[in-house]
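Two complexes, one shared chain (chain A), two partners (chain B, chain C).
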Partner chain A sequence: MSEFDFSGLLTFWARRWDDILNLVLEHVTVVAVSLVIAMVIGVGVGMLVWNRPIPRSVVIASAGVALTIPSLAMLAVLIPPFGLGWTPTVIALVLYSLLPIVRNTVVGLREVPPAIMESAKGMGMSPTTVLFQIQLPMAWPIILTGVRVAAQLTIGIAAIAAYVAGPGLGQFIFQGLSSLGSKNALNYALTGTLGVVILALVIDAVFVSITRSTTSRGLRA
Partner chain B sequence: MAFDAIRDGTPSAREAGLGALKRLTAPLIVLLVLGLLLWWLSTLTLDSIEQRTLNWDYIIARTREHLGLTIVASFLVAVLAIPTGILLSRTTSRPIRATVLGIANIGQATPAVGVIILLAIIWRTGYTTALVALVAYSFLPVLRNTMIGLQQVDESVRESAKGMGMTPNQVLLKIELPLAVPVILAGLRTSLVFTVGVATIATFINAGGLGDMIVNGLKLQRYPVLITGAVLVACIALIIDWIAGLAEDKLRPRGT
Partner chain C sequence: MPKQANTAILQISRNTSGARIVLDTVTKTYPGQPTPAVEAFSMTAEPGELIMFVGPSGCGKTTTMKMINRIIEPTSGSITIDGRDILSLDPNELRRHIGYVIQQIGLFPHMTIAENIAVVPKLLGWSKEKTKERIDELLTTVELNPAEFANRYPKQLSGGQQQRVGVARALAADPPVMLMDEPFGATDPITREKLQAEFLRLQESMGKTIIFVTHDFDEAVRLGDRIAVLSDRSQIEQFDTPANILAAPANEYVASFIGRGAAIKRLVLIPITEAKLGSVSASPGGPITVSLNDSLRDALDALVLTGLPALTVLDRNQKPIGSITVDAISAVLGADIPTLAAPPLGHIDPTTAGA
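Moving on, here comes the complex of A and B:
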């Protein structure tokens, strides 16, 4: 049982401000890197399978299996082949991000009204041109929503990755656990946890503005 | 079976076959993976440290702890969160509802590992703490789904029920709740699978479970132990998700 001491927490923050900023930066970096990789793979796979029923259900089912596996287990099986640190963390985060991104890509590409597809075809566009110039821009807001869900998910999972020497704010949470009983245990764990919550809320807000600014002008509400 | 197909709205026989195949995928994958694991372990010569954990007694004890924690926590969440959600959806006060939904959204942004470790620091380590953390963590999503499920019932359906002379309680029990069942069950299913994962983290605060095998395997550099723990946890999560999926199909109201 440790006492909560608010001024102690403020001193803690003041003294370790550089460390905190560093961890926040690491956390954002690992999530961003994973999301970019997951987007390239997820949107690519989504574009390949969106109109093929069997590959589509196989891809979505396997991404669903990946998402069901508990994060500590996923990180654990990645350690023997990839060691500790950034590599297993990024791979795990990419695997968890795939389901929301692939699923939303498929849904977005399929939801383009048939009339629009017909008109594009009538204008002489090839299926590939229709996919890139018509469907992808129209599906973009839905794809980004998938990425946003993936971001929320991976920010939380990245906290656990600190256990396998991964980067980010999780290090403070585990530092709190390992200094259990000492004066700073609560400060460490609280700073790490609050940092992750604030980061998640800020990144969510960032996504709202990214979605607005990258949506094709004709589609903006 | 024929009735099932009609109810599910699957028109062609091919799609119905695909659906049945989909339903069998998870258990087949789990059996295959467990088989591979057993085969791999049988080809290894285990040293004394590995033998201490890679035996049936130890594995069954850890699995039992893990399942116990998961099931007790999920049961508590179901009996606490669903009635609270129903009560809250009865209030006409918008601020209360908005506050609850807002808190639920922030709760989702909170990392589970943070919640469980913070609770261990300010309270104590062990099983009870892990249970409280699990319940607190899964409570909000289930509560939220219950409220959303009741809210999304079509206003005109509610009106017709009222017009047929049903009392508010009858409308709730006979119309709104059955129609909200799919959304409520989806929430419970998510929280069940999630609980399996968080119960793995419970090892950090000495609450047992299969996470012990992962952590020991990592600390002692015994990869067979680590892999066995991880694979078992993953299989439990997949099987629980599969069972919950079957329950979802069975308990869905007929007309929808």
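Moving on, here comes the complex of A and C:
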């Protein structure tokens, strides 16, 4: 392997700028699509099970199990039924996102103080109204924290999805790894890795501002 | 929901200035517990009456109150408001017409003060303008400036201010009945006294039928039209006016609940005008005087403080109209109840045993 050549890296970036932007865009898209799907499923399931002890344990335990499956194994398992590309990637990312989202939804809904639940009931709100108008808004910052954790998780895992020909910066990383010794191998791997790290930081910052702007001022610390 | 039940709720809600509440042999038994939490509780609250439930922790007073808005469902017995059986009504509809205030207040932290007060009007489908008007009216009533407070969040308010909002929120839809569960229990003594005074003034103009739960006998004496002293399983030991309970406790239990100093507590209830005032010249005068608006307890307090034999009594225009002595105060108590049963000394005072 050759010495690291910084000017070579810059030249690589200049030449491949369009490719890099394209991959970043794909990466962001696949993460965003997966998070939206996982949020709909996760918050929905959380709202169904938060006050039912047995279903609640089953859901959280199974989401926990999904998280322990190594990502390469998970992707490999998804190839036979779903083929290559976007579909297995999105499915895998949704599965990994579910645990933090479901768990935080359940915790958030359950953490509403009993006095607030009782006064809501005492004022004549139905359980559904209490759920949507009191519990969900109060749990919102906690749910978003779950989504934020899921985002960090999936940005990393999405890079591995290049293994099943998935979209995103993982393509550069895998290309670098598979052509070790060649002139641009290090540049590919480094660009892919740096891209993932920067993306993670940027998306985290975006989540901070989303949380701020969508949480009631009365709930902010 | 059957049409009949709907009309019943409408009839209850139309009567905004107090309804008659009748509880008839109401019992609550929790599954797996040998003794009922509330056993055969019967009581009638007249329209506009402020009834205090007083008893030690765990006596079932809160359970009894919570059966009236069906937060807790009775096991047996009947509860009616203005003659309508509430157990046949839709519980959510029913609760929109019963004001409910709890000790922890339970304001919704993610809503502004205005939004908190608007909850029940919204559930009842009021128009925006009507709701807005009502919010301003209520905030003014509980002495919070609407311009300053309407758009604040609960956490930006002090405990006393939050409790005022709690009361305003419960009054939002002008319900005929209010249930209050130790509403002032968590506030400091100075704030509590202020809230109690404001609340009394409010009730004078509203005339709601109020069930008010407390473990503080002094609060019960201060606020209540009638007091129900409750013991285990929510058994009524005595149900009477504060003056009558203080003057003649029905039994040992009630006497022990009053604690020592029943005579002093009674003085709070009696205005100075009840006493036979001496001539102005009988008082040596001095900077400390009492006013006609004060209670006999205030007068006694001033007498003890100054050590003077008599104090000047001023009328509303600060003009001396007479003098008051300790003898005159005792005479009022003596003349009122010749058979004052003194509570036995040396027992544990349940008002201070646990909260």
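Keep this in mind: the second predicted complex is superposed on the first by the 221 of 221 C-alpha atoms of A that agree within 3 Å, B and C clash if a C-alpha of one lies under 4 Å from a C-alpha of the other, contacts with A are read in each partner's own complex, and residues count from 1 in each chain.
Everything below uses one rule, namely that a contact is a pair of C-beta atoms (placed from the backbone, for glycine too) under 8 Å apart; a residue touches a chain by one contact, two chains touch by 3 or more.
These numbers come from a predicted model, not from an experiment.
Student: Identify whether chain B and chain C fit side by side or clash on chain A in the overlaid structures.
Tutor: Aligned through their shared chain, the two binders fit side by side on chain A.
Student: Looking at A:L48 after the superposition, I want to know if it touches chain B, chain C, both of them or none. Which is it: first, second, both, neither?
Tutor: After superposition on chain A, A:L48 lies in contact with neither partner.
Student: When the two structures are overlaid on chain A, which partner does A:G176 contact: first (chain B), second (chain C), both, or neither?
Tutor: first
Student: So, A:A73: does it touch chain B (first), chain C (second), both, or neither?
Tutor: After superposition on chain A, A:A73 lies in contact with chain B alone.
Student: More residues of chain A in touch with chain C or with chain B?
Tutor: Tallying touched residues of chain A, the top partner is B.
Student: How many degrees apart are chain B and chain C as seen from chain A, counting from C-alpha centres and rounding to the nearest 10?
Tutor: 100
Student: What's the minimum Cα gap, in whole angstrom, linking chain B and chain C in the superposed view?
Tutor: 15
Student: For chain A, what residues appear in both contact lists, the one with chain B and the one with chain C?
Tutor: In chain A, no position sits in both the chain B and chain C interfaces.
Student: Given the complex with chain A, which residues does chain C contribute to the contact?
Tutor: On the chain C side, the touching residues are 69, 71, 92-98, 100, 102, 104-112, 119-120, 123, 153-155, 169, 179.
Student: Flag every residue of chain B that touches chain A in the complex, lowest number first.
Tutor: 18, 22, 25-26, 29, 106, 108-115, 117-118, 120-125, 193, 196-198, 200-201, 204-205, 211, 214, 217-218, 223, 226-227, 229-231, 233-234, 237-238, 241
Student: Given the complex with chain C, which residues does chain A contribute to the contact?
Tutor: 113, 115-116, 118-126, 129, 134, 137-138, 216-219
Student: For chain A, which residues are in contact with chain B within the complex?
Tutor: It is residues 1-2, 4, 53-54, 57, 61, 65, 68-74, 76-77, 79-80, 152, 155-156, 159-160, 163-164, 170, 173-174, 176-177, 180, 185-186, 189-190, 192-193, 196-197, 200-201, 204 of chain A that touch chain B.
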